[in-house]
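Structures follow.
Each of the two complexes below includes chain A, the first together with chain B, the second together with chain C.
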Partner chain A sequence: MWKSVFYKEWLKTRWFMVGYTLLGVLCIGYLFLTLKHSFAFTGGKNVWFTVLFQEQQFYSLLKYVPLAGGLTIAVAQYLPETINKRLKLTFHLPLTENKVLLQMQAFGAGCLLISFLMFGGLFTGFSLIYFPIQMVTNSVVTILPWLLAGFAAYFMIALIILEPNWIFRFCYTLIGVFFLTIYFNSAGATAYASANPVLFILTALLSVVFVFSAYRFRKGEV
Partner chain B sequence: MIECNNLTHYYGEKLVFENLNFQVKKGSILGLLGKNGTGKTTAFNILNGFLQPTGGQCLVFGEDTQHLSPQAKARIGFLIEGHIQYSFMNIQQIEKFYSGFYPKWKSAAYWELISKLNVSLTQKISTMSCGQRSQVALGLILAQDPDLLILDDFSMGLDPGYRRLFIDYLREYAKAENKTIFTTSHIIQDLERLIDDVLIIDYNKMLVQSPVAEFRSNFRRFDFELDNEATELKKEPFIMNIEKVKNKVELYTFSAESDVKKYLDDNKIVVSNFAQVRMELEDAFIGLTGKY
Partner chain C sequence: MEKISRYILVFIAVLTLAIFLPKLYWMAFEKPVWKPFVQYSCINNDFMIQRIREKKWMDTKGKEYSREEYEQTLPMMFFKQLLASGTMPDSINGTALDMRAISREKSFFRLKASEIDAPCPDLYPLFESWSGRAKLELPEDFFRITWRIEFIEASTNKLLEEKSQLFSAALFHNGFSFPAKLISGLPTPRKTCDEGYLIVDSKDQLFHLKMIKGKPFVKKVDIPEGVKFRHISCVDFKNKDFYAYLFSDKNEIYILTQNDYQVIKWLIDGYDLANCDLKIFGDLFNYTVAIEVNDRIKMIALDKQFQVVNTYGEEWPVKEDMLEGRIFASLFPAQLSMTSDNSKFIRFYFSPSNGFNWIFVNLLLMTFHFIWILRRKAKLKNHLADLVIVVLSGIFGFIAIHLFQNKFFD
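Right, the complex of A and B next:
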């Protein structure tokens, strides 16, 4: 039955996934085109200097790309469920309500993970052409909170969209914005290195909060 | 199949119904009738576990509807008011999607109904007319082959042809396969073609649950004209409703003609053109619940 659930989720999200993946690839392509340009016109020494000693993040263009992914996939997945209260159809499927919800969430989070791994792979691969592995590792450590923010945004949007009451939705939105700012607090390279495990746990905890909205929907809260 | 005991629900301070009790027996087709706002959709939502009642309990297949098991849900075909379905799917995709959930899935039943529509296999449900969507929703329920069908206002948005197609298909299917149906519709003529039993609710309470034929034969309407237009008609317990326009009166009761005549005599009410009028289900429903 999980195949059927995934099939429905795929039908809802596929074009958004394709669009988002293209956007991510284009961003990475543009990023390294610009970097190549800098290497050619200002010289590798200057680029290395700005990255190493001025802590310039040549990859700052990617900062909000994961966040955009989380928002896009969550809206594509959960908005159609709330139009005309179609979530009733989903809850009527012969599965326990939490099981079907978690399968839907697993699909969305899985899509994000695949796209982030692809972006991460492209980024790392291209970066290694220009920088040594230590610098690339630092870049990845810096990018990691942004990727986690993508997941956090996805989980929070699910909570907000499935919530049946507008006042609750508003409150969740405020809480969501507060949570998401945590992931973008510092602009310094590797500033989050020690905080990443905490952010990871926080994001993992957020992954189940949407079940509460769905529970309220099922109880007929308005 | 369905048993609701002392069902009570409030929306905030507003009482929808109180201590509602009813059963739906296996193989029967029960129609729930009530005016707008009397709680029909509320009852359907409670039955499907989408609303927690303030009090009381509903059981379907012996299970509390607030905690239906996947096995019980597989045995219930549910039509949401307005024939809501996953409109981002096309008719092929939606069949493929649902077929993965039900071991007894009967594709042929779905495709037989779909073949009557002038649509392509890749047409999205969102681009279909309401009538076509109703056939898709019905086809999916028939393919699911449930033991119990819960249909919330199946007439909504349908033209007369589609309504007739829907009802005829449904009744033939239910009778041939010994299925149980619990349904409502705002078009009572449609329900009359479909249902065996009727459950009528009014604000806060249940008025009638009985076979349609029994209700129609026991519930009577008497028309007469008052000699004096100013005569006040006292409402006694045996009178369910009185509709008076100038000197013309419609009196609705479960009692016999002799009781009505005795009431008129006892109250010294002089009338002319006294007659019992035959009623269709819709007339009887309006007579029982009133026009307002």
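Right, the complex of A and C next:
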């Protein structure tokens, strides 16, 4: 049955997923094109110096890319479900309601994970051409909260979209927006090193929260 | 499952509110704290205090001065102003004043706690110390210290094996134990000259490393028995008296003199690397050390032989002591913050509120919620966890449980 659920979700999100992944890959391509240009025109030593000692994050272009992914996939996946309350049809499938919901969520999160792994692989691979492993590791540690923010945004948007009451939807949006800012504090490279495990746990916890608004949705809370 | 997801949401909301409500409160109500500017006067042999908000200048006995009189008591600090107004003395305490000597001996050093608890770079440029050029040039390669010292060329990202072996051998033959615990230098070409790096090895030994004509210069520095340096700040002062300020894990301050490599301890109490802002003003006659914490300052004047000649301390009320701080401590049981004045790391910094007034507010909110449950004729046992959340987290929990309502589980 999970294959059917995944197929249904795939039909809804495939073009958004492909489009977003392509845009992300283009962003990474542009990023390393800029870096190549900087190496050629200002010299590798100056690029390294600004990265190491002037807190210049050459990858700052990627800051909101994962967030955009979370937003895109969540809207593509859940907004159609709220139109004419189509989600209620899903609840007639021969599966427990929460199981269907979690399969839907697993599909979306899995799509994001595949995109992010692709971005991470490309970023790390290209970075290792220009920088030693220590600098690349530091970059990955710095990018990690942004990637987690992508997942957190996806989970929060799902919660907000499925909430049936507009007042609560607004309140959840407020909490969601404030919560997401904790992933984006301005800081130097690796400043998030000790916060990352906590953020990982918080993000993992968020993965099941949309069950709450889905519950309200199917019970018809207004 | 729905219940678990609701409690997770309540937890996330409490966390979010505990970060942002206190932040918004202080943005709305915080008032600036005006700290005094204190300097040691070689004329009065006393500390001179400038109270910026009141526009008052005074000494430690409370005697007030005009601005001009105040500046005349601090000729090393305001020598340009005194020269302009023609009131610069010819000599002080029998020492003739030479402008070049004043300028050479003038120094300023500042170290914040957040610079100590901060991410460190993993690679450093090793400049050519005797390049023969008027200006320093950024080298083409950067070094890292792992099981040996390795130089990597930036333009190609390739390891320079020969140079790495040469420098590793030099360090090894001088007794360096890899890897390094601490690497400190001035990794910028904007300095008067290059003195390389001070490096603490894995056995807490101190080494001086620099590159002279492409060859390694390594000097092991004798340090007092049992001293472990936690932070080193290299300096580039005009007088070239010392290489660096060194800070031990026992909050002691040392200097490393230039060329003869003497490690000299300054007899200064009250400094804590974890939360103090340290300023050291050097001039022709004294070093004035300012140790500033959130609510107080301690000033210590040293002579040129680094002996303490005078001290002064002052405290002031902080925001927590003021009316808005007391209201804050009643409203909010605690504050969470992602940033700290004492660190450059992003973490979840938890600060409980002063006093216990917040307990009454928490209980009051719990009572409101209890009445709300009774009026809805809901089952109390379904709301026990919510009541506990309100008692523990106060206003944060109260808002959170009403945002994510326990309505469906009755």
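Observations, loosely collected:
The rule is simple: the second predicted complex is superposed on the first by the 222 of 222 C-alpha atoms of A that agree within 3 Å, B and C clash if a C-alpha of one lies under 4 Å from a C-alpha of the other, contacts with A are read in each partner's own complex, and residues count from 1 in each chain.
Note that in this section a residue touches a chain if its C-beta (ideal position, glycine included) is under 8 Å from a C-beta of that chain, and two chains touch if they have at least 3 such contacts.
Everything numeric here is computed off the predicted structure, so don't read it as measured data.
Partners chain B and chain C, once the complexes are superposed on chain A, both fit on it without clashing. Of the two partner chains, chain C is the only one touched by A:V211; chain B is not. Look at A:K219: by the touch rule set out above, it reaches both chain B and chain C. Once the two complexes are overlaid on the shared chain, A:Q56 sits clear of chain B and of chain C alike. Using the contact criterion defined above for the overlaid structures, shared-chain residue A:L202 touches chain C, although it does not reach chain B.
Residue contacts after overlaying the shared chain place A:L11 against chain B, while chain C stays out of touching range.
In the superposed model, A:F39 lies in contact with chain C only, and not with chain B. Seen from the CA centre of chain A, the centres of chain B and chain C span an angle of about 140°, rounded to a multiple of 10. Comparing chain C and chain B on the residues of chain A they touch gives the larger count to C.
Superposing the two structures on chain A brings chain B to within 9 Å of chain C, judged by their nearest Cα atoms. Shared contact residues of chain A, touching chain B in one structure and chain C in the other: 219. Across the interface of their complex, chain A is touched by residues 11, 45, 48-52, 70-71, 73-74, 76, 78, 80, 82, 84-86, 88-89, 93, 96-102 of chain B.
Against chain B, the residues of chain A that register as touching in their complex are 1, 3-4, 7-8, 11-12, 80, 84-86, 88-89, 91-96, 217-220, 222.
Taken together, the chain C residues at the contact with chain A in this complex read 1-2, 4-6, 8-9, 11-13, 15-17, 19-20, 118-119, 121-125, 138-142, 144, 152-157, 187-188, 338-339, 344-348, 403-404, 407-408.
The touching residues of chain A, when paired with chain C in their complex, are 39, 43-49, 52-53, 98, 128-132, 134-135, 138, 159, 168, 171-172, 175, 178-179, 182, 185, 187-195, 198, 202, 205-206, 208-212, 215-216, 219, 221.
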